[in-house]
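Common to both upcoming complexes is chain A, partnered first by chain B, then by chain C.
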Partner chain A sequence: MSSAARRAYFSSAWAVAWRYLHNLYTKPAVFVPGLIFPLFFLAAFAGGLSSVSDVPGFDYYDFTAFQFCFVLIQASALAGVFVGFSIAGDFEQGMGRRMMLATSNRSAIVLGYALGAALRLIVVWVIITGVSLLAGMTVRGSGLDIAGMYMLGLLANVAALFFSAGIALRFRSLQAGPLMQMPVFIILFLAPVYVPQELLTGWIEPVAKVNPVTALLDGARSLLAGEPTGLLLAYGVAFSLIAVMAVWAMRGLRKAEVAG
Partner chain B sequence: MSQESNGIEVKGLVREFKNGPRAVDGIDLTVEPGEIYGFLGPNGAGKSTTVHMLTTLLPPTAGSAKVAGLDVATEGSKVRKVIGAALQEAALDPHLTAREHMKLQTSLHGLPKEERLKRGDELIERVGLSEAADRRVGGYSGGMKRRLDLALALVHRPRVLFLDEPTTGLDPQSRASLWTEVTRLSAEDGVTVFLTTQYLEEADQLANRVGIIDAGRIAAEGTPAALKSEIGRPSVEVVPRDPANRARSQEILDQFGTAVPAARDALGIRLNEGIDELVGIVRAFDSANIELASLVLNEPTLDDVFLAKTGRHLEGAGEADSAEMPLPDGETVNA
Partner chain C sequence: MAARSVTRLVRQPAAIIPSVIFPLFLLAVNAGGLNAATDLPGFPTDSYITFAIAFTFIQSAIFSTMNAGQSLAQDIENGFFSRLVLTPMRPSALMAGQLVGLVLLGQFQALLYFAVGIAAGADFAAGIGGYFVLAALVSIISVGFGGIGLIMAIRTGSGEAVQGMFPIMFVLLFFSSMTLPRNLIEQDWYRFLATINPVSYLIEAIRSLFIVGWDAEALALGFAIAIVLAVLSIAFAARSLKGRMLK
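Up next is the complex of A and B:
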C-alpha cells in the first residue's frame, strides 16, 4: 500500500470511528445500555452476593475485585456487541451503503467501527473502575499487571465486535440484534462468574472448563491480584478468538458486498 | 487519466438474484465521456440494479462493465475513487448537520485534511445550503436532502457521476435546481452523468442520449430527438382568433405539413420537416395578419417511444411529459 493509499485508508477508518462516537454522544440511548448492564451486575454480584466469598475454597483476595474482572470482560464484550447494532442500523438506514461507496478499501469500515468501539470502551472502563473502587475494591497488581488486565478486556471487545459485525453484515438489519447479543451473554455466563472454577459442580463445571471466557477471566483475575498465572492461555485464547472472528467479519463484509 | 477514459462501457451485463428473475438481462450500452445519459424505465425495470453494479455495490452475475476504463468486477476500489453516486434513497444521518456530513464524506474519501473544510463549504454553497449547513439533516426537506446528497457525491471531484432517480418526490423548483446543477457539471466540469429516471421530461430535458430499459433489457437507445423521430414527426395545432380566418389559416398550415385531426376549433398539421418549421409558421401567420388565439406544438414523447417499443405506457407518464411555453400575449405552446 502506497503512503497516499495508507493515509486514505486510515482517514476512512477514522471517519467511521468519528461518526460512531458522534452518535454515541448525540444519542445517549445508544451508549447507556452498554454501561447499565455491567453496572447492574456489579451492584448485584459484588453487593448482594458478597457472602459467596465465605464459601470454603474461595481463596480470591477480594470478592468485589473478583466480580470486577467479570464485569470488565462483560462490559468490554458488550461494547463490542453494541457496535454490531450500530453497523446493522447503518445498513438499514443506508449509511452502510454510503460508506461502502466512499471507501476505496472497505476493510477500513470494520477498522473504523473497531476504533470507535475501543474509544467508547475507555469511557466504560473509567466508569466501572471508578464505581468498583468506590465500592471498596482493592487492587494488588502492579501497573503492568493492570495494563495486562485491561488488554484482555480490549481483546474480548475486539473479538465480540468482529463476531457481531459478522452477524450485522450478513443480516444488515437490527432484527438480527438478538443473534448478536444472546450468544455473547450465554458464553459469558457459562464461565466462572460467581466462584472460581474449582468450586463449580455439576454440568456447568465441564462447560466452564472448555469455555474460552474462563481463560480470559482467570487471566484477568490473576493480574488484578498481582499473581499472574495462565496468561499464555488467556492471551492465546483471546488472539485465537480475534483471528477466527476477524475472518467471520470479513466474510460478512464480502456477503454484504455481494448482496449490494 | 485523460477525459477520454471517463465513459462507461457495458457488455452483456446480467444480474440474477437468488430464486428471482433476472433483474438485468444482458444489457449493452456505451456512455461517452462528458455525456449525460438518461436511463429511463418504469419501477422494477432494472435501473437501480444496473447502477448498483456500475458503482460496485453489487457484483454482476455475468457480462462486463467498465467505468472510466476500469472493470467494476475486478477493479472495484479504483472505480470507487473516480465515481460519485447519489442513490435513490438519500443516505443521510439525521443526527449530523450538512457540514458534519461533509466532514464525514471528505474523510471517507481520504481527502487531505487541509482541503476538507474548504471543499465541504464550497459544495454546501454550490447547492444552496449555506444557511442550513449547521442544522441537523433530520429537519431538512426532501429537496434539501437531495441537494446535500448530490454535494456529497461530488466531494472527491468524480469523473463519472451516478444519479439514481435524483428528483423523485421533489417539488418542481427543487427539481429544476438539481437539473441546472447536473447540466453544469456535465457542460463545465466534463463529468459523465449516468442518470436513472422514470420521468420522461427529465430524460428529455437533461439527457444527451437516453436508454430505455424494460424488464431488464434495453428496449431502445438514442438521442431523445432521434428516438422520437423514429416514432413520428411533431404536429402543430392553431386556433385563429377570428373564426372567419379558418380557411386561410388552413392554407398557410398546408404549406408546412399534412392535415391531422385537431381539437375543437383548432386546425392541425403533421409537420413535414420537424420543429424547425415552427418559426416559419409563426412568420407566415404574421405576414398574413392573422391573429392566433393559441399555437400548440405536439411532439412525440418518450412515452410514445416506450409504448412503441414495449407495447405499454411508462408508469407515471403524462405527469411530466408536457411543458408549456408562454407566448407574448398569454398564449401557450406546449412542447
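Up next is the complex of A and C:
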C-alpha cells in the first residue's frame, strides 16, 4: 500500500468512526442501553449476591471486584455487539452502500466501526469502574495488571464486534439484532459468573470449563487481584477468537459487496 | 376475540418462544452457578433448583406484559382497533379477549416449567393440590402484568413503547428475592429494595409451595398482591380503553 493509499485508508476509517461516535452521543437512546445494562448487572449481582462470598471455597478477595470483572467483560462484549446494530442499521437505510461506494478498500469501514467501538468503550469503562470504586471495590493489582485487565476487555470487544459485524454485513437488517445479541449473552452467562469455577456444579461445570469466556474472566480476575495466572491462556483465547471472527467479518463484507 | 388472541399467539412462535425459553435458560444457569449458595447457613433448602424455580413462573408472567401489550398495540397501529370501535363490541369484551390468550399461554408455561423443574430434581412439597394453587396464582399474576401491558398499549398505541417497558420489568424482577432469601441478602440497600418490591412476595408465595408446602402467610401475601395488581391494572386499562374509544 502506497503512503497516499494508506492515508486514504485511515482517513476513511476515521470518518466512519467519527460518524459512529457523533450518532452515538447525539442520540442517547442508542448509547444509554449499552451503559445501563452493565450497571444494572453490577448492582444486581454485587449487591444482591454478596453473601455468596461466605460460601466455603469462595477464595476471591472481594465480591464486588469479582463481579466487576464479569461486568467489564460483559460491557466490553456488548459494546461490540451494539456496533453491529449500528452497522446493520446503516446498511438497512442505504448508508452502508454509500460508504462502500466512497471507500476503495472496504475493510476501512470495519476498522472505522472498530475504532468507534473502542472509543465508546472507554466511556463505559470509566463509568462502571467509577461506580464499582464508589461501591467499595478494592483493587489489589498494580498499574500494569490493571492495564492488562482492560486489554482483555478490549480484546473481548473486538472479538464481539467482528462477530456481530459478520452477521450485520450478511443480513444488512436490524432484524438480525437477536442473532448478534443472544449468542454473546448466552456464552457470557455460561461462564463462572457468580462463583469461581471450582464451585460450579451440574451441567454448567463442564460447559464453563470449555467456554472461552471463562479464560478471559479468570485472567481478568487474577489481574485485578494482583496475582496474575492463566494469562497465556486468556490472551491466547482472546487473539484466537479475534482471528476467527475477523475472517467471519471480512467474508461478511465480501457478501455485502457482492449484494451491492 | 379470545379465539383470535389464542390463534395469534400460536401463529407467532417468534413472539412466544423467547418468553418460554429465556426463563428456562436463566433457571439452568442459576441452578448450576448458584448451587453453592445452598451451603450458606440459613438457606431454606439444599437444592438450589427448588429455590430458584419460582422465579421462572414470575419471569414468564412478566414477559406476558409485553405479549399482551404488543398484540393490542399492533391492532391500534394497523387500524384494526379503529374498525372494532365501529362495531357494537363492549370494551370489556376486547380486554377479556386479549387476556384469555395470555392466561392460556401462562398455564402452558406453568405446566412446562413445573415438568422441567421436577425432571431436573426440584422438590414440590405442596403435592398435587399445590399445583392447582400454583396454576391459580400464575393466572392472576399473568392477568395483572398483562393488564399493565394493555395500559401501555392503549395509552401510547405504540409497540415500541410497550417494548420499552421491558427494562423496567427486568429491574423489578432482579431487585427482588429471586436469587437469595431476603434474610441472606447482606447489602442493606438491596434488602430494602427487595422488601418493598411486590415481586418478592409473588416469588416467595410460589417458592413456599415448592420448599415448605403450605405456608399460609406467604400464600396470603402472594395472592393479595396478585389480586390487587390484577384489579388495579384491569381497572386502569378499562378506563384508558374507554378514553381511547371516545377519541
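Convention: the second predicted complex is superposed on the first by the 260 of 260 C-alpha atoms of A that agree within 3 Å, B and C clash if a C-alpha of one lies under 4 Å from a C-alpha of the other, contacts with A are read in each partner's own complex, and residues count from 1 in each chain.
Quick note on the criterion: a contact is a pair of C-beta atoms (placed from the backbone, for glycine too) under 8 Å apart; a residue touches a chain by one contact, two chains touch by 3 or more.
Source: prediction; values computed, not measured.
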(Q) Quick one: is A:W203 in contact with chain B, with chain C, with both, or with neither? Answer first, second, both or neither. (A) second
(Q) Let me test your reading of the model: by the given contact rule, A:Q175 touches which partner, first (chain B), second (chain C), both or neither? (A) neither
Q: Could you tell me if A:S12 is touching chain B, chain C, both of them or neither one (first, second, both, neither)?
A: first
Q | Contacts of A:G57 with chain B and chain C, given as first, second, both or neither | A | second
Q: Based on the superposed arrangement, let me know which partner A:S240 touches: chain B (first), chain C (second), both, or neither?
A: neither
Q) Which of the two partners, first being chain B and second being chain C, lies in contact with A:L49: first, second, both, or neither? A) second
Q | Touching both chain B and chain C, residues of chain A | A | none
Q: Please name which positions on chain C make contact with chain A in the complex.
A: 18, 25-26, 28-37, 39-40, 167, 170-171, 174-175, 179-180, 184-187, 189-190, 194
Q. Okay, in this complex, where on chain A does chain C touch?
A. 33, 36, 40, 43-44, 47-52, 54-58, 178, 186, 189-190, 192-195, 199-205
Q: State the interface residues of chain A toward chain B in the complex, per the touch definition above.
A: 4, 7-9, 11-12, 14-16, 18-19, 22-23, 26-27, 93-95, 97-106, 257-260
Q | Complex contacts: residues of chain B adjacent to chain A | A | 49, 52, 55-59, 77-78, 80-81, 85, 87, 89-93, 95-96, 100, 103-105, 107-111, 152
